[in-house]
Every structure is written in structure tokens, then in C-alpha cells.
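For reference, chains read A, B, C, D, E and F in written order, and residue numbers begin at 1 within each chain.
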Amino acid sequence: MESLFIEKKFAYDGSQLRSLFAYLEHGVLGPSIISWQGACDIPFTHMVDGEDLLAKAVIESDEMLHFIIEIFDRDLFAGVALQRMFASIARDYLQKHAAAVLNGQSLMREGDDIYWNDRKLSISIATKSPVSVMVHFAMNVTNEGTPVKTLSLSDLKLNPAKVAEDLMHLFKTEYQDILIATQKVRPVN
Amino acid sequence: MESLFIEKKFAYDGSQLRSLFAYLEHGVLGPSIISWQGACDIPFTHMVDGEDLLAKAVIESDEMLHFIIEIFDRDLFAGVALQRMFASIARDYLQKHAAAVLNGQSLMREGDDIYWNDRKLSISIATKSPVSVMVHFAMNVTNEGTPVKTLSLSDLKLNPAKVAEDLMHLFKTEYQDILIATQKVRPVN
Amino acid sequence: MESLFIEKKFAYDGSQLRSLFAYLEHGVLGPSIISWQGACDIPFTHMVDGEDLLAKAVIESDEMLHFIIEIFDRDLFAGVALQRMFASIARDYLQKHAAAVLNGQSLMREGDDIYWNDRKLSISIATKSPVSVMVHFAMNVTNEGTPVKTLSLSDLKLNPAKVAEDLMHLFKTEYQDILIATQKVRPVN
Amino acid sequence: MESLFIEKKFAYDGSQLRSLFAYLEHGVLGPSIISWQGACDIPFTHMVDGEDLLAKAVIESDEMLHFIIEIFDRDLFAGVALQRMFASIARDYLQKHAAAVLNGQSLMREGDDIYWNDRKLSISIATKSPVSVMVHFAMNVTNEGTPVKTLSLSDLKLNPAKVAEDLMHLFKTEYQDILIATQKVRPVN
Amino acid sequence: MESLFIEKKFAYDGSQLRSLFAYLEHGVLGPSIISWQGACDIPFTHMVDGEDLLAKAVIESDEMLHFIIEIFDRDLFAGVALQRMFASIARDYLQKHAAAVLNGQSLMREGDDIYWNDRKLSISIATKSPVSVMVHFAMNVTNEGTPVKTLSLSDLKLNPAKVAEDLMHLFKTEYQDILIATQKVRPVN
Amino acid sequence: MESLFIEKKFAYDGSQLRSLFAYLEHGVLGPSIISWQGACDIPFTHMVDGEDLLAKAVIESDEMLHFIIEIFDRDLFAGVALQRMFASIARDYLQKHAAAVLNGQSLMREGDDIYWNDRKLSISIATKSPVSVMVHFAMNVTNEGTPVKTLSLSDLKLNPAKVAEDLMHLFKTEYQDILIATQKVRPVN
């Protein structure tokens, strides 16, 4: 699994969640996780979460830290499981690195979301392209421009680029470790 | 997904990790998670983790809280991902419910293991039967009879049966939620 | 598997055979079978059966009882097999409930069609979306507006809404029963 | 799909339900359906239906018409669906060819079984080998030696070898037709 | 697997690489290989090779011998492996039938390409449609209009239609042979 | 993909064709190709090729160069395709490196075999374990002890260890290249 932090900021509008985005736009080939900072504003035409579509949800934020994961040869179930692993890894990381701010309180992962009490840090969706499964995961960098009560990396006093590099490293390690776990075990009856 | 806590104690020797164990021995049909308490002693003939086999690892404990998860129609990659989800769910649960003992320190999930500093709470393996993927996950109830420095539910002042019921409930919810997430999303290109 | 009979009549023009139609238009989540009444007129742009396309077939009827089945995580082969199961279930049901009209003669299922001698009751297609396999099956409510010699539920003196509810119930039971049959069997060598 | 009626009678004891039985014992290569006549007596060691195992079911008959279907590259769900298609095809065939005996009454398919009122004609199981999915389906030729109230081909005044040839032909046609239906359809979104 | 050599010449512009092209345009149903002669000019809108897209590659030739292979129920990995088998079969065939011209020198297959020293004979891509995997493979009939140093069937003194018929025959045989090899082998542990 | 040439000679008797052989016996983890020299003598109990079993074939040689390939998460069809790719790669390599001996004549690949006229160089089988697909491919190092007319690496004046290292390198490159080809292509409709 390759990774890339894209220095240039750009907005996420949902159209980035397409197969080979990392390869065709940023030269990152194969299973990958990429990250960048930018606004978030997803029109209904690009919204893929049926629940959000039915709820006519507004998904906006002035500045988020975005991640797109793409893996090949897996079904959507595995994609959703990896999405939640990423949320879990992020929660554990933020808990540790924002300990001073959190002051003994716990961040909570619920499904693919991370919360601090009723403040929502993140949004995420996992979906399927004809050649891959893909995850978008994003955390607020700021609380500006969000339609609900949010938590942001600014609140946690964390540097987005550093968080991105660290989380991508942790996720790559986990992914590789999961893969190895499928190749070193004897079958049972 | 069905679940069952088996009241009767019995030892885990690896032979329980076989397809339809929950159904044929305990009447639990379909995707399932079951749990019970008992000793753990896995001879090499039933050891399926190649890494343990190569290391000639001793896997023993006088009393553990065992879980066996079985799901159908998924590949081993998804099985390993679910195994880690279970470890993550267990970590979060124990962190919350043993807060008084942990005293502000964090339990850590590493791969499929849970640690408190250098004390290992759990063992786990995910493997494949011809009809399903299966996970064994077990946490020490006591530190007696373990070959390494361990942590146990006793240390955490937690009741194993209660932990079992709660974790099975949380896992079933997560599993169902993952499944729904694969059935409510539009594909991308 | 969820089911829904939609009270409001609307025409089927092929565009309804798209992934998540039941969820996004009618709130029915997951594997599902839905049904409604309405005209049928499928333009070539929405026709997915290559055989019909090559034959430049006219597919029209003034009033049909429509069904759309959607299942996830299965290949098209399973989708076609379920389509034929549905046709078989429908045949058996109609044979029993229209006994007085049929007067000892048998309805015949041939592939995905149901016939009474040379009179065709139904049309059907199974196809694949990027996230699911889907079946459209429809029976004439009337013989008006059909391009071939047809049989209709009116001929059989049957109430479409009752037929819909009954067939959806029977199909859900069969589907659930098939699923269970995959989860209670030991593998062979 | 190839087929073969084996002239030589031999008993079915469950051990015939193994991969490549048709090829290695009877030279029939690839997806296949074979048939023969013989007693049926399945000891628990060869019983693969978990439900029968839990019920400690006795599965015996002095003379049955056996079928074994083997297909490759499909999951067990498709195997079970084909099993039920076979039962449906058999029901329709027997209804037509034993019309004089049945005297206007209907044979009923329920899941993988065929009944005439409370008289059971058939037994069946679908399972998975490491390289294929397999179905055993058998109909009583006589009612001798059966543990429950049964119906037999003798009751229906039908010649077992003729029934075997006809059903194998019908099933091959249906299988081929299902396969073609997966190769002539355009995908939807 | 069916095959067809289309007598009428037409240009390949990438739009032919779509599911059911052989069936809907030329009546060839199921797994297939078809071939025809014509120019080649692939605009970026129809270019599917990400490497070519990134390189802004020009893919043109005044006259090529085109092949499109379509198979169902396989993943893209198998599609790419078949693509390379086709290249290997073509190399072996051309080596034998153009021996006089090649004069003891060897054609070389590299990945999906065939070379004579630095002269490139062929282009190819394998991709996935929602219902199949597809391969386009084409060899220059002439060296006119190609953007790089090329080899052509004219150089090799070979008749394109004869080459097409022979290669399609050889590929069908290989495909069928691979399929049989998956249906005559016992599993291992 | 990892590779290993095992310096120690040992006989191949078919029992080496089991999942995780490379990992559990030689520490090579994940998709792999390993090689060694040794006699070959496969008793019927370990013979997995149904064709050989039916023919009661004798498979023996005093000294062969053995290869075992194991890949995960692929079906047997892909395994057989890779087996033939390996045979093709071997043929091309031997043609080039034994040019002096072959004296302008061509080695021929037929299915999974390599021939020089009527002299058979190699044997091979591809099969499936519950967790992987596996290939055994072996070339005669000597013609001693073979039941048919054979060709050997000795005839070709080639050093087995060198051939092993070179072919493993070429195969790893091809495998990696195939994998990349599945991850850089846009889907079609």
C-alpha cells in the first residue's frame, strides 16, 4: 500500500471518490491511502450515502483533513470493515496525541464516526467502484462552516499534516498486517 | 447474527475452531458469536497460526473468556478485519468499564492483541473453514498458567459473563451496521 | 429480506431496474422484494435483455403486476437462479389459487416465463448493478396493450394486490430458507 | 454440463457426495449430473446436513433413484438455488407424467422436498467441496425401508431410468439456459 | 467459447471495448473472441490504460488486426493472465509461421507486448466491465501511421485473416483446456 | 511475491503440494515461488490430477528441478492461467539459453508442458488448497528414471540452480506486472 500527503489544498466535493483518483491525478499506483486539506461541500449529485440522500443531509465544512483509501480485489464488506478500522486507528491516535486537551475524557468511535461527547469530528463513506472499493474519511480542521456541533483538529491542538502522515503510516501497517494474517494461517474443517 | 453465552465451563484446545461448532454443539445457526469460560491449552496439532507453529509457541492459560465468531460468504481478509474490529471494540469497552483500575492509562490494541503496557490480555486467530471464516478471541480471566506477562479480567475487576454478554451485543451491532453500510450506498465510477 | 407493496400505481419503463431503487424511492433497505401495479413500456434505451435488443422486441402492456428483487453479495448466476425460483413459486401459487379457472390444466414455467398453453403471462429479466443483482418480473393484470397472445391475472380471477402480498411472502420464505441451507451444512472433500 | 445414467445399481451411503465423484468413478468431466438406482443408508459419519445431525435423523430407503449434481466456480448459495430448481423441475415433470395416478391433485415442492399431501417422495442436500458445489437428490423407487410415510415412483407408475434420463435432460437445459441468461444481459446502474 | 472473424473492415477507437459488443453487434453469445481488420485511433475519452492516460500516449495505426476477448465470471487478474496467454500464443504462432523472415531470430513477448528487437508489433489492454472482463489485442498489419518503430504482419509476410482464424482457434483451445484443468483436479490441504 | 532456492536436495512425492509449505517448512511468507532439486515419485495417494489417476500414470524421475508456486485470494482458473504463464516463461528462457543445443529448432509449450519434438521436459499440476491456489512444475535434470521419452536440463547444458533463480525472477516480475495491470486500468461499460 502506497500513501501520499498532497501539499496543495483543494476542496472535496464527492467527485474525488472515483476509481484510480490517486493514480490518475497523483501518480499513486495500487492499493493506496492519500490525504490533503481543503473545504468540504458535497452536492446531492455526488452524494453516495443513501441515508444522507434520503435525509437530504447537508455535508459541509470550511476546512477538513481528507483521506481517500482505495483497495482492489475486495468486496464492499471488507471495504466497510477497513473504514471502521481507520476510524478506530484515528480514535486511538487522537486520544493519545491530544491527551492534554482531552483531559482524561475519551473520544468515542461509533460506526465510522468519531465523537467527543456530542461533538462530531468526522464524516465518512465507503463505496464500490467497478474495479475497487473506496473510502472517504475526513476530520474537521476547523469548526467553521459545519451544519452540526463539531470537534476539530484545531480544538485538539493537532497539526493536520502531521496527523495525516501518522495516520497513513498506521493504516498502511495495519493493512499490511491484515494481509499477512491471511497468508500465514492453516485452514480448519 | 446470533449470540450465546454458554454457562458450562470447558477448556479450549483449538478443536473448537471448526465450522458449525456453534450450530452443531450449541444450536446457534447462521453468522454467530458465542462465548464461554475455561482453560486454554492448544497442542501443535490444533494450532493454526503459522507464526506460532514456527515459533513453537506455548499457548496456555488456566482460565480465559473465549469467543468464537463464524461468518459465511466472506473471505479471510474480511474475517481478519472483523477480528481486529472485535479487538478494538473490546479495548474501548474495557477502557471504559475498568477506568477506575486503569487510572487514566490507556489499553492499547496492536493488531489482534490488547495490551496494558507490556501485559498481554488476549490471544486471537482468524482462519478459514471450507464453508465460513472463523475467529477465536480469548482474554485471560486470571493470570495463572500463562507463559508470558499477562493482564486479566480479574486485574480489571470485571465479571467475565457480563463482559461476554456486553461484547457480544456490541459486536453484533457493529456487524449488522457494517452489513447495512454495504446495502445503502450508491456505487461510483 | 424486506418487502413492500406500493399502493400507488406507476408505469414501469425499465428505469426502475437500478440499484437501491427500493431504498432510495421507497425506504426499503437491504435485500428486498417490492411490488406495484402499472403499465409497462420499455424503450430500447432502458432494455437490458440483449436478446430483446437484437430482436427489437416490443415490451408493452396496459397493466401489469410488477416485482423488483434486489440482493447483495451474489453473482448474476445466483440472481438468475432466484429469478427462476420466483417464476416457479408464482406458477405453483397461481395453479393452486386459480384452480377453478384452469380446470385441471397446468400452467407451465419455461425458463423465467409462465404460460398457459400458448398464452404468456409474464415477462422477466435478471441483471447486475455494480452493488447488487436485480430481477424484474411482471405478470399481466389485463391482456390489453400486449403485443403477443397473453394470459392475465384477470383471466385467472385473481386480485393483484393479494397475489403480490402472497408471492412476496412465499419468496421471502424461500430466500431465507436457501440462506439457512448454506449455513447448516458440513463441507465434503 | 454432461450427464450419465449409471446402469449398475449401488447403494448411496453419503460417501459418494465428494468432489470429482462423477469424473473419477464414472469418467464424467466438468459440470455434471449423474444418476443411478440403489438403496440409501447414510451413517452419521457421512451425514452433512446439520439439521439431520442434530435431530439424529434416520435416512434410509430400500431403493431410490439418486442424482448427484456437481458445478464449479459457484458459491453454495447458487448450489442450493440449483437444488431447488431441480426439485421444481422434478415436481413439474412428475405432475405431468403421473397425471393419471395423481388424478387432478397436485404434488407440492417445499424447499428441496416433494410431497403428495403428507407423503414424502424425496430427500436432498446441497453442500460444498473445496473445488465445487454438490447436490444429492433422491426419490423413492419403492416405499420399502423408509422411516416415514413416503411416496415412490412405483406409486406414480413411472420407470426410474426413464425419469432419470428425462430429468437430467431437463436440468441440463435449465442450467445452460441460466448460464446464457448471465451472458446476454446489459448491466444497470 | 465462440469466435468470429468479421469480414467487414472498421476502425477501432476504443468504444468497441464494452460488454456484450460481440453479442449485440455481431451475434456472438457467451465467452468469445472476435477479430477484424481496421485502423486504430484511440482518443483519450476511450483510453482505459491509466499508464497511457498519464503519458498522454498516442495510439494510432493505419491498419491493425484487432481481437476482442470477453469472458464472464472471472476477475480482472484472470483477464490479464489470459491477455498474456494470448500474447504468448501469438508469439509462438508467429515465430513458427514467419520463420523464413525471422531467419532464426526470436520474437519476444514482454508482458502483453510482442517485439522483434526494438520493433513493436502489438498493443493490448485488459479491463473490466460490470458483467465481464475484456481484452483488446491488436497487431499492426502495416507500419503506416504508427507513432513508434513497429513491426507488422506485412513484414512477416502473413495473411491477417489467416492469422486471425488460427490464433482464435488456438486461444479457444487453450481457454477450454484451462477450464478443464480446473474441473479434473483434487484439492489439497 | 517472495522466492527461495532451497540448496538442500529432497525428493518430491506430492505431499509438498499443500498450503503454506513454503512458509511452514522454509519460512517464505505470502505469495511465493520456491525451487529445489530432487527425485520425483508420486504415489496415487498424493496424485491430484484426475486424468493421471484415471490413467494410473507413473510419474517418476531420478532428478528434477521442482517449483512450487502459491498465491492467495485467487480462484483455480487464475492458478491454471499462471501455471501456463510459467510454462511459457520457461520455454522462452530455455529457447534463448539453450540456443546452441537447440540449433534453431523450437521448444514447444503445449498446455502446461514443454516439449522438444516428442521429448517431454516437464510435468505440472495446478490445484486448490482451502486458503490458496498452488502449482507444482518440474523439469527433468536428467533423463534417468523417467517412464517416457524425455528431455532434460542436462541435454540443454543448463545449470539447474541458475535456471531456478532466473525463472523465479522472471515469474515474480510477470506476477507483479499482472497485478499492476489490474490496478491501473479504468473500467468500461
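Definition applied: contacts are C-beta pairs under 8 Å (C-beta built on N, C-alpha and C of every residue); 3 or more make two chains touch, one makes a residue touch a chain.
Everything quoted here is computed from the prediction, not taken from an experiment.
The minimum number of touch steps linking chain A to chain D comes to 2. Among the remaining chains, D is positioned farthest from chain A, on the basis of C-alpha centroids. Using the mean of the Cα atoms as each chain's centre, the chain most removed from chain E is B. Chain E and chain F have centres, each the mean of its CA atoms, that are 26 Å apart. Centroids of chain A and chain F (each the mean of its C-alpha atoms) stand 43 Å apart.
Distance from the chain B centre to the chain F centre is 40 Å, each centre being the mean of its Cα atoms. Multi-chain contact residues, meaning those touching two or more other chains, occur in chain E at positions 19-20, 23, 50, 53, 73, 75-77, 128-131, 179, 182, 184-187, 189.
Under the stated contact rule, the graph of chain-to-chain touches falls outside the line, ring, star and complete shapes.
Chain pairs that touch, as defined above: A-B, A-C, A-E, A-F, B-C, B-D, B-F, C-D, C-E, D-E, D-F, E-F. Those residues of chain A whose C-beta lies close enough to touch chain B in the complex are 17-19, 48-51, 53, 74-85, 88, 92, 95-96, 104, 106, 108-109, 111-112, 125-130, 134, 174, 177-179, 181-182, 184-189. Interface residues of chain F, counted against chain B in their complex, comprise 20, 23-24, 27, 73, 130-131, 187. Taken in their complex, chain D has these residues touching chain B: 50, 53-54, 75-77, 128-130, 189. Residues 19-20, 23, 29-31, 72-73, 129-132, 179-180, 182-187 of chain A are the ones that touch chain F when the two sit in their complex.
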